[in-house]
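Below you'll find the structure I mean.
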Amino acid sequence: MSAALPREILICTIARLLDGVRHVAVGASSPMPAAGAMLRRALDDGQRPVRLSVLGSVEHNFFTNGSAELFDSAGQGRLDAFFLGGGQIDGQANVNLVGVGDYPQVKVRWPGSFGSAYLYFTVPRVILFREEHSPRVLVDKVDFISAPGTSAPGVYRAGGPVALLTGKALFRFDKARPGFTLESVHPSHDLDEIRAATGFAFDHAETPAATPAPDAATLSLLRGRVLDELAETYPAFAAEWRSDLAALTREGSPA
Amino acid sequence: MSAALPREILICTIARLLDGVRHVAVGASSPMPAAGAMLRRALDDGQRPVRLSVLGSVEHNFFTNGSAELFDSAGQGRLDAFFLGGGQIDGQANVNLVGVGDYPQVKVRWPGSFGSAYLYFTVPRVILFREEHSPRVLVDKVDFISAPGTSAPGVYRAGGPVALLTGKALFRFDKARPGFTLESVHPSHDLDEIRAATGFAFDHAETPAATPAPDAATLSLLRGRVLDELAETYPAFAAEWRSDLAALTREGSPA
Amino acid sequence: MPQDLRAMARRVTPGMSLALPVDYAGVSMAMTRPLIEHGAGGLHLVCVPTGGLQVDMLIGAGLVATVETSALSLGEAGGAPRFNDAVRQGGIRILDATCPAIHAGLMAAQKGVPFLPIRGLIGSDVLANRPDWRVIDNPFAAGDPVALIPAIRPDVAIFHAPMADREGNVWIGRRRELAAMAYAATETLVTVERIVDRSLLADEMTAAGTLPALYVGAVAEAPRGAWPYGLWGEYASDTDELMRYAAAARTATGFAEYMAGFMGQEMPA
Amino acid sequence: MPQDLRAMARRVTPGMSLALPVDYAGVSMAMTRPLIEHGAGGLHLVCVPTGGLQVDMLIGAGLVATVETSALSLGEAGGAPRFNDAVRQGGIRILDATCPAIHAGLMAAQKGVPFLPIRGLIGSDVLANRPDWRVIDNPFAAGDPVALIPAIRPDVAIFHAPMADREGNVWIGRRRELAAMAYAATETLVTVERIVDRSLLADEMTAAGTLPALYVGAVAEAPRGAWPYGLWGEYASDTDELMRYAAAARTATGFAEYMAGFMGQEMPA
């Protein structure tokens, strides 16, 4: 089997971060988190049921009480993991989904906070996921706090950020400090590059670990069952992935 | 057409009290209020739709959001009229559905307050209906206030009692005073009897009016369409009524 | 199948709070005998929003410490005799409520909030006897007192429904108080008339009335499992049987005799 | 039928608040043209809980004073161009919310209470920019701040659904946010794919997904009335058309050109 694609390493990392969850929800346009959740479910097959809710999907929607039910289930403690992106994410894990500049008349307006200002407080394992790893995304301080990374003592906070995954690296979040620690660097990236691309300070080992590549069995599961399943909901993403795999096979083949 | 039966006078009185309503709800075991509401609907046919909800009924239940929907619709101002009984009703229109004696270890326990402590505040036209007119029911002061007849200034009170109908008489409730005024006495009863049977003081004219008997058209509607409709939900009550009508016809007939 | 019911009953441990539905919404009468046989006592029953035969039987069997309800009766068959007797004897704690307050408490649990406000109640003895409720001044309009009902989070909700599928999804139709109970409860145990092979979520028509398996801890088949109550769209109440119970259970002896029959006939060991 | 839509649009008067559903729940795109033709402006739009094409068109047409929403976008087709432009220009007032806060406000209206509490929000700039929201200390546990969302009572709710019957009952399936909007709103206007002759309340299966006529002010038939959005169980979104709009509406001129076509093609006079 050929070496893992960068996106496959991300998906396998997501699946690892989801170890042990019973119910994970992903946004409507989030093929990678969905793939990670599907891989988690495939890996746990026969041991533990993993429920996946894809917001706005008809196929991956087992809710029957309208769009409020996701939030209700989080409030009840029935949602273990969720993904948040963010136009800006800062070193305190504050997330900005609203815009750049002075609110409300921002220079750049993004869609809005969606459920972040609630789910960040109620879902135990929130994974910050943003492929773009640049100083304009990973800022020192967000312009608008859609959802704060930490809360003052006494504030109800059953959930919060556990990790930040980008196209270059994986960080763990330490809410006591609070701040991010570089956990691992993805293949073909290095610490200097990550330091230059990150607008906030973070802890790191002198020589950070490399993000592990999936083993052959996992990769096979991913490219088989998971890719097929993903194609039902994200056909364009799955097709692009398949085409990259085909290219990889051509390159790697002796012909 | 023969003279009206006592229960027909009550039903016609209820229909009169419901003049102008769009939506009325009655309890599960309340054939007379239901008949009054059905008569109201028949009288308003073609002019104004009158919706009737019979709690616990499948036929007369247009709700689709469980048993909370009745209360929600009342909170929204979509329920115009409701009936309350009461093991005890006092001169301030306080209602007791819980029991006689010292709470909680009451000597006589009734089922409980049901929705009264809410609907009495939110439904504009609450009709107190209790056939038994005796000093043990119509008391000076209830032993337990399931729902108070009036509220202090500032307390949200969109609804409340408008009338008390018994087997002997009809009272209007004046919330400013507060207290009951005898509006009319049913045929074959008189003021002295009502005074003796009522445990609270009430205002009255020197010679109280008689509760009007229905005109022939109303009576015909009642004994036709309304009785047929009622029989679907309250077969035992309808059968008894039909048998009384048959007896009345026999007595009244020349044979 | 009887084994299923017994296994479900064993999930109830002493002192738990149990949410049980109103007579006409789908009472799992089939669970009554296994619960009594299992014998977990000191229960806190939450009637959603009123109770009847099942609650009266559990009280009569001595398993109930507290009843939280808006009313308790046998409907046309009259008052609930074992409940009324227990109240007179002071044998149970009664938390009198009003229907929408029960719904509000469950909704608070559904929403994951500590309380829900409710109109009405002020000046009633229902409120006066609930020190666990609060009255605050409406923070949006001074001089407007409003009652707050704390979240009701039952340990277990138990009900009966027409059907479930093999994944544990349960069709509750428009009896959405059953969903409300399940959302609020930690775990939900369901008996059904029948288990179907197709997924209830596979088409939008059945999905509209389905409680997802996410909320369901266990399902067991129990045909006519609401008897002597009826089940909407399936069968009517057996009023004669309710009357028979009402007459028998007026005394402790009569209740014991009735229950000997009830416990014997229902479910062969 | 176009007359029906125009008559419904006339029920909207200047300055009203309108509740509109999320993209995938049943947007009555068929009402967009009649609303723009009718021209009632100064609207307060409440997106339940997010908005898209319809909201962007109404903003572009100059009918909107305020948007209350958790997000506004065209999904896969990107940002909502007229909204983004209006925000930059300061042309509309934006009330940024979070999804469950919109649901909480509607639920408060449904329950007839002045507010509902909600977890989260504390420390966010969403809360900091909503002086109409409050934070109180939980009356049941000191030192526990909790946010309160006041009731949202829209004047009119507008949505599209698969079917209605002749009595005005509307089948909404499991899209219960549509019911939540209707409960909260004073009046609800509905377009449907088709009107059926049988009563939707006549059997328990269809009744389970039905919004009763009690909440419905008017219904009109509008086949493919969600287009270019999809309708669950009926047809998929027309992403190409959304992309076409997204590209055109980047400028005011492009928007005007697109709308000339949209307003012309949809509904012959």
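In this document, chain identifiers A, B, C and D correspond to the written order of the chains, with residue numbering beginning at 1 in each.
By our rule, a residue touches a chain if its C-beta (ideal position, glycine included) is under 8 Å from a C-beta of that chain, and two chains touch if they have at least 3 such contacts.
Small disclaimer: the values here were computed from a predicted structure and weren't measured.
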Revision key, fill the gap. Any chain touching chain A and chain C at once appears in the list D
**Study point:** B-D against A-D, pair bridged by the larger set of C-beta contacts
**Key:** A-D
Point to revise | Chain centre separation (chain B, chain D; CA means) in Å | key: 41
Revision key, fill the gap. So, in whole Å, the Cα centroid of chain B is separated from that of chain C by 29
**Study point:** Mean-CA-position distance for chain D and chain C (Å)
**Key:** 36
Exercise for review: Hunt down the residues of chain B that sit against at least two other chains at once, touch-wise.
Suggested key: 63-65, 75, 122
**Study point:** For chain D, residues contacting two or more additional chains
**Key:** 107, 111-113, 118-119, 144, 146, 174, 179, 207-210, 232-233
Practice item. Take each protein chain as a node, join two nodes whenever their chains touch, and name the resulting shape: line, ring, star, complete or other. Key: other
Revision key, fill the gap. The chain pairs that touch are A-C, A-D, B-C, B-D, C-D
Review point. Of all residues in chain A, which touch chain D in the complex?
Key: 28-29, 56, 58, 63-68, 71-72, 75, 97-99, 103-107, 109-122, 144-148, 151-152, 154-156, 158
Review point. Mind pulling up the chain C residues that touch chain A in the complex?
Key: 109-113, 169, 179, 183-184, 201, 207-215
Check your understanding: Which chain A residues qualify as touching chain C in the complex?
Key -> 23, 51, 62-65, 72-78, 122
Revision key, fill the gap. In the complex, chain C touches chain B at residues 22-25, 48-50, 69-73, 75-76, 79-80, 83-84, 87-88, 90, 93-94, 96-101, 103, 107, 118-129, 143-146, 174-180, 232-233
Review point. Once bound in the complex, which stretches of chain C touch chain D?
Key: 104, 107, 111-119, 134, 136, 138-141, 144, 146, 148, 150, 172-174, 203-210, 232-233
